[in-house]
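Both complexes below contain chain A, partnered by chain B and then by chain C.
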Partner chain A sequence: MIPRPRPERFRLRRTMMFMNAQKPGLIKDAYIYGCDSIMLDLEDAVAENQKDAARFSLYHALKTVDYGDTEVIVRINGLDTPHWREDVRVCVAGGADGIRIAKCESAQDVLTVEKATEEAEREFGVEVGRTLLMAALESPKGILNAYEICAASERMFGVAISGGDFRKCMQTTPQRDGVDMLAARGQMLIAARAAGVQCFDTVFTNLDDTEGFEAEVLQNKAMGFDGKSLINPKQIRFVHQVFAPTEKEITQAEKILTAYREQSAAGVGVFTVDGKMIDIAFIPGAERTLKLARACGMWEGDLV
Partner chain B sequence: MKNAVGREIPDFLLTNGKEVYQGKNYMDGKYIQKASPRTKRYETPQESKLVESLADALRACGAKSGMTFSFHHHLRDGDFVVNMVMKAAIEELGLDNLTIAASSLGSAHDPIADYIEQGKVVGIQTSGIRGRMGEVVSAGKLPTPAIIRSHGGRPRAIEGGEVHIDIAFIAAPTSDCVGNCRGIGGKSDCGSMGYAMTDAKYADHVVVVTDCLVDFPNMPASVEAIDVDAVVVVDSIGNPKKIASAAARISQNPRDLMMAENVAKVIASTPYFKDGFSFQTGVGGPSLAANLFLEQYMDERDIKMGWAIGGICGPMVELLKKGKVGKVIDVQDFDLDAVRSINQTPNHFEMSASQYANPANKGAFVNKLDFVVLAALEIDTGFNVNVLTGSDGVLRGAPGGHPDTAAGSKVCIIVTPLVRGRMATVCEHVVTVTTPGDCVDVLVTDYGIAVNPLRPDLVECLDSAGIPHVSIEALKDKAYSLVGTPDDLQWEDKVVAVLEARDGTILDVVRKIKPYQLDG
Partner chain C sequence: MEVLKPAAAGTLESSDAQVMIEPGDGTISLSLQSSVMNQYGRQIKATILETLSRLDVTSARLTVVDKGALDCTLKARVECAVFRSCGASEENIPWGGAVR
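Then we have the complex of A and B:
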């Protein structure tokens, strides 16, 4: 039995790596590659007649593998399937950190899963509220309802778009410049930020197209995503590299936080750092930069 | 008597000046008396040395029971020559009490196991031993223990007269009618013939076995006619498909790639990683993939590799052709890209095993090596490596150049997954010590990196590059927590193989394994 600490709703999630929950060889030690979160899949990767076997494998992995600091999230089957309730039970019983709701289209979908999660928590004697939720938006309707989905529950930590299904609905295919999903990504980002949750981009499936992958990651970063879903460990390094803060950003964040501590102790609310006006609104951003810098091995200190 | 790696060496082996392993470079400065072969004079000009059959060649060389025949392993698992020669000697000439001294033996040589069981072959001296032969030797079927040597230890033993070769058999992809041999130009090409060179110089008799006779003179020759007594043409010396793989491909396995990337990171963190550095790597998944990541660091820092040695394969030839390596010096080839390149691509040279790795000569290539990246079946908390015996104690591997490159290089990196199936690779005590821990510097696994405490300088390099590392004990604990703590193997007293350190001292012995019995 591996006890896992209470999941943190907001933490670093630059990389979420998908893997089939039915493959012991993959899930036994996926944390060694250094992704922030692993996403154990009970949905599309698992054949219809293997759902039970996958749940069994998932449960025992959760109970016996020490994933350490790596977050463990489970993608459950859609609410239109007969599988999802049992999926939720196995996630909670095994002690997964969070559940990814597939094909989420409304706040009600989140509430439905939340209710089942709470019931499972009571059933298995797990602290109520421990299990986090995130939603995958895979349809135009999901994108249109992004804000209500993001804001539906205190358990919600983020929202992700699922490119494969979404592009099919939109009758498009992946484009080099990302124009196929530009509007959807934008709308989802706005909704996530408005609701104060994190936002993750979809997987890039052509492993041989390094250039295309890198272009997409750079665009993700520029658009303001918190991270990206991945399908292979070799994609991790580049994402971490792109999402790492620059030396200049780190220095600036250190200065802001140091100055803020000094000034607020002296009763000053607004002050300047290197000629720029700084107030409390800058503090969360600076803290995020330093946490990220620490996670990237670029900074050691005690300001955050 | 206990040796420097804590292994108990039975006294009956410590005769005729044999010593137990005393530590790295113990023999430095001592003198070695070189042996000289007794060879036949061919004064009357000969048109040709061709003989009809292997049996005729054996007769021409005065083959008798009790002799030692030598072989080299460039045809790898495709080799037909060892089996053909032994069959002719035993079944046609009726010889027995024979000793095989090979640079390596593999499962291609399974039929020899029968000759061991029949008592016809009584001695085995080799670097590698696998398949059925490994099993019968482990079962104690040889009257005297097999002797396992490294690729550098073998030419040392030959040159020093510890192994006296009565007849050396040269498996030659091409030969002319007087025995000038090359590894290319035929139908069973192997490229370099480096392991055969010392044999040809120190054997009393030399027989060339080829399946492609070419016009005289076959130049430049790897083995020269001046050392050859007879040439036999056979239908086929080996199975080309098993001699050289189509192309050694760089692994796409994410675990291998991650380890390879960490190997490159470690290399790039040391002061030896500078323009002109030297390098050797194996062809295993993560070892070979290290090439890929190393190239990225070389580009980043705008430096080039001075030279590379070893068993060579395509990715290294590729680097040579791109001008990223100055010279490649080659004792053996693993794939067709390397076979086609040797002596063809400018700066791709052939060398002998002695030149490669012999600790008793005046300076082998390994002594100038900056980095070597090697695999391991097991590595223990004393950094001792086993690449010979399986977890069941049975012979199924080869020290090869492992102990030589580890001892000679400035930084020896072992790369291996922490566990293989249910077996812990990082363990308390390896089954057999084949490379002593004082020659091993860094261990890279999929669960973390450990540096040998004997190398505080490398600890500092990793620390200042921000490369996380842990103690090797922590890795062993992690491995045991995953797969459990293995029970000790149960041995009988009988020694079935002696593992010589590269300098000729005794590093370890392999005993006969007790037959497994179910409880009750």
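Then we have the complex of A and C:
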């Protein structure tokens, strides 16, 4: 039995890699790839007549495999299926860090899963509130209700868009410049930031198109995403590179925080660093940069 | 649990095991094939029998083809086959109880 530490609602989640929970060969050593989170999938990766088998496999993997610092999230079946309740039970009983709600369309969907999660926590003697939630938005309605979904529960740590289903609803296909999902990504990001939760982009499914993948990751970073869902370990390294801060950003963040401490101790609110105006509004960004830099192994220090 | 009808779980992929179960004649009979029989045969057999005993299965015929599954996978496949044989694999599984 591997007791997992209490999940952190806000932690580094640059990469979330999908794994079929029904495939023992995949889930037994998923942590070696170094992604921030793994997403054990009970939904689309598992055939309809193997949903039961996938849960047994998931339960023992959660209880037996030591995933170390890798976060373990489980994607459950949609609320319109007969499977999701048992999915929630097995996630909680196995001690998964979080549950990803598939095809989420409203705050009510989040509350429905939250209620079942709490019931399962009581049933299995797990601390109430331990199990985190995130939502996958897969439809236009989900995108339109993004804010209420993000703000629906204290357990919610983030929201992700699911490109395949969304593009189908919108009658479009993947475009080189991302214009097919630009509005949806933008709206979801605004909602997530307004609610104070994290925001993740969809998977890039064409493994042979490295150029397209890299362009999409760069756009994700530029738009302000926290991370991306992945389908293959070979995609991890590039995302970590792109989401790592630059040396210049790290130096700048250190200077800002050091100067801020000195100046605020002296009673000064606004000051300049390298000729740029700095005030308290810059502090959270600088702290985030240093935390990210530490996670990427690029910085050691005690400013944050 | 009483094995009511034939059932199977698992695949023949590497790191997996395929478990077939049928109603027995009052005892457990186990036919085991494994790609790692010489190294782990006894351990595999013990894991399967322990899992059956936890589920209170006393009468069954099992055929297991192991492809190098970890113990946790073996347990998962045996349990799934037993629950399927009783038509009870879809909900209200005793996670952490008989299944552990």
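As a convention for this text, the second predicted complex is superposed on the first by the 303 of 304 C-alpha atoms of A that agree within 3 Å, B and C clash if a C-alpha of one lies under 4 Å from a C-alpha of the other, contacts with A are read in each partner's own complex, and residues count from 1 in each chain.
Keep in mind that, in the parts below, a contact is a pair of C-beta atoms (placed from the backbone, for glycine too) under 8 Å apart; a residue touches a chain by one contact, two chains touch by 3 or more.
Keep in mind that this is a model prediction, so the values were computed, not measured.
S.K.: Should A:Lys63 be classified as contacting the first partner (chain B), the second (chain C), both, or neither?
M.R.: second
S.K.: Check whether A:Val90 is in contact with chain B, with chain C, with both or with neither, and answer first, second, both or neither.
M.R.: Second partner only, chain C.
S.K.: Would you sort A:Pro24 into first (chain B), second (chain C), both or neither based on which partner it touches?
M.R.: second
S.K.: Between chain B and chain C, which makes contact with more of the residues in chain A?
M.R.: C
S.K.: Go through the superposed model and pick first if A:Arg288 touches only chain B, second if only chain C, both, or neither.
M.R.: A:Arg288 contacts neither chain B nor chain C.
S.K.: Output check: A:Phe124 vs chain B and chain C. Expected answer is one of first, second, both, neither. What do you get?
M.R.: second
S.K.: Scan A:Lys234 for contacts with chain B and chain C and give back first, second, both or neither.
M.R.: After superposition on chain A, A:Lys234 lies in contact with chain B alone.
S.K.: Using the touch rule from the top, collect the residues of chain C that touch chain A in their complex.
M.R.: So the residues of chain C touching chain A come out as 9-10, 13-16, 69-73, 75-77, 79-80, 83-84, 89-93, 95-96, 99-100.
S.K.: Quick check on the complex: what are the chain A residues that touch chain B?
M.R.: Within the complex, chain A touches chain B at residues 29, 32-33, 232-234, 237, 297.
S.K.: Could you list, by residue number, the parts of chain B that touch chain A in their complex?
M.R.: My answer: residues 254-255, 257-258, 261, 446-447, 466, 482.
S.K.: Flag every residue of chain A that touches chain C in the complex, lowest number first.
M.R.: Listed in rising order, the residues are 23-25, 28, 51-53, 55-57, 59-61, 63-65, 82-83, 85-86, 89-90, 93-94, 124.
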